[in-house]
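Order as written gives the chain letters A, B, C and D; numbering starts at 1 within each chain.
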Amino acid sequence: MFKLAGIYAPIATAFKDGEIAYEELRSNLEKWEKTSLAGLVVLGSNGEFVLLDEDEKVKLTAFVRENFSSEKPVIAGTGCESTGATIRLTKSCAEVGVDAVLVLTPTYYKGSMTDEALNGFFQEVADASPVPVILYNMPRNTGVNMSVPLVTALSKHPNIIGIKDSSGNIVQIAGILAETDPDFSVFAGSGSFLYASLCLGATGGTLAVANILPNQCHRILELYNAGEYTKAKEIQFRILEANAAVTAKWGVAGLKAAMDMMGYYGGEVRKPLQELLEDNKKELKLILKQWDPNDKKD
Amino acid sequence: MFKLAGIYAPIATAFKDGEIAYEELRSNLEKWEKTSLAGLVVLGSNGEFVLLDEDEKVKLTAFVRENFSSEKPVIAGTGCESTGATIRLTKSCAEVGVDAVLVLTPTYYKGSMTDEALNGFFQEVADASPVPVILYNMPRNTGVNMSVPLVTALSKHPNIIGIKDSSGNIVQIAGILAETDPDFSVFAGSGSFLYASLCLGATGGTLAVANILPNQCHRILELYNAGEYTKAKEIQFRILEANAAVTAKWGVAGLKAAMDMMGYYGGEVRKPLQELLEDNKKELKLILKQWDPNDKKD
Amino acid sequence: MFKLAGIYAPIATAFKDGEIAYEELRSNLEKWEKTSLAGLVVLGSNGEFVLLDEDEKVKLTAFVRENFSSEKPVIAGTGCESTGATIRLTKSCAEVGVDAVLVLTPTYYKGSMTDEALNGFFQEVADASPVPVILYNMPRNTGVNMSVPLVTALSKHPNIIGIKDSSGNIVQIAGILAETDPDFSVFAGSGSFLYASLCLGATGGTLAVANILPNQCHRILELYNAGEYTKAKEIQFRILEANAAVTAKWGVAGLKAAMDMMGYYGGEVRKPLQELLEDNKKELKLILKQWDPNDKKD
Amino acid sequence: MFKLAGIYAPIATAFKDGEIAYEELRSNLEKWEKTSLAGLVVLGSNGEFVLLDEDEKVKLTAFVRENFSSEKPVIAGTGCESTGATIRLTKSCAEVGVDAVLVLTPTYYKGSMTDEALNGFFQEVADASPVPVILYNMPRNTGVNMSVPLVTALSKHPNIIGIKDSSGNIVQIAGILAETDPDFSVFAGSGSFLYASLCLGATGGTLAVANILPNQCHRILELYNAGEYTKAKEIQFRILEANAAVTAKWGVAGLKAAMDMMGYYGGEVRKPLQELLEDNKKELKLILKQWDPNDKKD
């Protein structure tokens, strides 16, 4: 069965004149294919998935699957607000060949998203999904948090294989790793706490910053696995600033501007998101100066 | 031009076996038509709009418009995450005859929803909309708040005619009323602060509780307009508990259970929402006991 | 018995060279005595009470009581973290002649401040206090909120006569007024929601902005009581900006700078608070330009 | 110079009939002295410091210093709301022999506690303190967070030697370790993220749970330092539940009940804190069942 491990990039969706720019995306895919990335996530938060229509989502997923190494997994983000829409999109993405789906918690009715409601949601999606399901906890964007008892309960489902935790709550991550079986994989949801998560038992991460620094992110994992903790930690520390720039600080606009600077096609964000301001781009350039996108060394 | 005033019910969407139950909805529409409601809002938070597909949204809106008094306005909630999808749904709803659209702020990329981004979003939607636009501020569900300066700036747009503020932040409501022109209407977004909002200059409200107590909600407005402040306030105080039960306390499941108790079709919620527990239903029944749905008296 | 009504100023504590400046304070007291203020609150949030030692608190309270019209009430803020310290300070302030005490919720152990713990705290303080007790809810500074059921329960205590609610949560204020007896007074805790609170049944307020615009604040109340709602609301709207400047926006430093501009002694804040920056002082001056401190007109 | 390293217990303050129970405290000190604890913190959050008067604080600190091994450091928590009171208490505690002081951020005027204000506060305290200063970041109780740039700036002060970070924000902890010099020590502020903090470079922690499981907490550190990561992590995982019980879940009341169960004197909490309910005590007993307080093994 599919095993969640390694460094994944939750890829940005390339746009041009408001539409998905498939040729530019293909060029990015070719570049990512040559990196140490274990696989890709399409339709993630960094992929502006909420700004895509259902048709676009499926077409985009099919395109990424077709145009990326068939030896490397592609995972699709298929969480929607309703259970029904989530199952429908999950099936569509499974049909076009994804290896697993990453399912975000519903977000709008926060007050009603009790552990019980979330348990019902994920059990039903996992029952219906033709491919393995990965839980996706992203409280900063959703206002909903998946508790340790909830994740532990869901980890018993044979079709739920892991969680991407973007909360950055290291106590919660420890709790999940303490309570779940070893075959349930925990993935860091941001490059800022990758190393700490590995130390606790995470098997990798799906990291916005891996769009631009895939080899460096992978190097943290590789060094960690080799017992080279000091070196791994040193890269983790160095990567913090670039990671913040493409996530909490400037969001998807920061990520896309950084991609443009690092040899990828970043291009437009979709509205209502706004391009990064020129002053911020200058600041970003300084932050990225120390990084060579082609470097595999530590 | 359309003027936003009076009491609106943001109607619940009737479901049966997971699908929209048009006959049951028609029956509800007939009942609401006989009340003092000024109009209806379809596709609001209480209408489980995020749980409906785009096709369902348009078909539902068309049905409500066709089956509700043509002398009374119907407003559709058309806010989506992307500017493009919002404009598309706005146009579709305008085509089926709504009098105005209620446009929620985007929610997922909270960290990027600066005043500037929100201003761009609403200006573009208002430019493109064939019908008047009403701003919809609902921070409890979205995690995004519309500031007084933002609302004031948007109020200058000729096609933006008002705001439904569900924040309950009375200082913000006062600020909006202080800074905007008299032809910009402010609507209370919950029955819990209707009276306070009227005192500051609001022209009405669109209130979950108006699904079940439309005449009583209207009576608050009517008494207020007649200068009968003590009586108006007395109903406002009495209505607080029922209002909380169908909003903050039990959400849409509470509203639908209350509708079943008050002679409307409430029925199912759509998953992942969950039905109200039996114990809570008993508690709800006690709360509603004092109210006669057919009563127009104070 | 003492009845809580009218406009109170929660007076700033005058400092010079780090010590309480009694002569400057006396001068302020003389000015406030000539205004329409119903009374004063000493040792409130605007009085930097947490920055005063216990000895200073009692001495300051005694001084204010001695140097302010004996016909007008003086209330002292006596809330401390421990029940014992609160009772001790309450008794000391009662001995020097205050008419009532304003008791803030404990704040540090937020997670333990359940309704039950808070009920125990206030009951014990009220039992021991020689003077009437006023509850003080200030969640923005304390991180603790007093719920409607808690306040309702406490309102039954014969020595608890009212609440100063600084939450600005108008639904909560409505709930308290709906649930408590008419002899329990509700006071607005900020000038930004004074008018809305009066409309719901509040009897007045204790307002930072009343340090600098006492007559204007009182005028809102006077006009409201005279049924001149439009005029009252107009002053409420006009006062919002000045109110924000001396509270949420710039805090005590803003209040003291404003006092200096309006003919009072503002002077230093105590460390770690910091003086207002020069740029902000210019902005503040513009905000205050429209107000004449000696004006009693509307 | 004093170097911050190892496991410290932020000791509970023993009370009997509302007063400090020195004999019971002496008995606890004798027990802690025989454990692997590196030292003690008096007047911490678990020591109910905000519920103690200034005189009690100094007397208690002197007593602990006199009655605990002179070879092991004692640190006193001396943060107060005002800079002046903090310096005064710092000097008093230094006089009675503490090795360092742990200085909490001011909390009440949250909105004014900018990085600049906090920088001024800590610089002034560090200048005046006769003993080394340790920063104390505890946002859950204070509502104030110390940012990475602030901590980095303060770490340059020759008399500021480290930070106890109780935020549990592992990205922030990583950032501090990345930006500060190696002679600036970072301490985990809770047993729940001790291991993760060690992996990033922390030198130890001051942990509520170390009041009851001092040897086990020390064992995590010892195993980590010996490169026995799997074993260290295993204890970290096992300790999570007990740690939660004496911190986030039941607070000081939970800690004191646990002390009573583990052979220490726990006794009363001071009001307004409330004793643990009987049902919770039963639950706590089950949680603690697996732990032998005298065990030094892993």
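Please note the rule applied: contacts are C-beta pairs under 8 Å (C-beta built on N, C-alpha and C of every residue); 3 or more make two chains touch, one makes a residue touch a chain.
Everything numeric in this text was worked out from a predicted model, so none of it was measured.
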item: Set of chains adjacent to chain A and to chain B; value: none
item: Chain at maximum distance from chain C, centres defined as averaged CA atoms; value: A
item: Inter-centroid spacing, chain C versus chain B (mean Cα positions, whole Å); value: 36
item: Euclidean distance of C-alpha centroids - chain B vs chain D, Å; value: 50
item: Touching two or more other chains - residue numbers and ranges from chain D; value: none
item: Arrangement of touching chains [line / ring / star / complete / other]; value: ring
item: Chain A to chain B touching residues, read off their complex; value: 18, 45, 50-54, 81-85, 106-114, 116-118, 120-121, 124, 140-143, 248, 251-253, 270-274
item: Chain B partner contacts - residues on chain C that touch it in the complex; value: 168-171, 174-175, 177-178, 190, 192-193, 195-196, 199-201, 229, 233, 236-238, 240
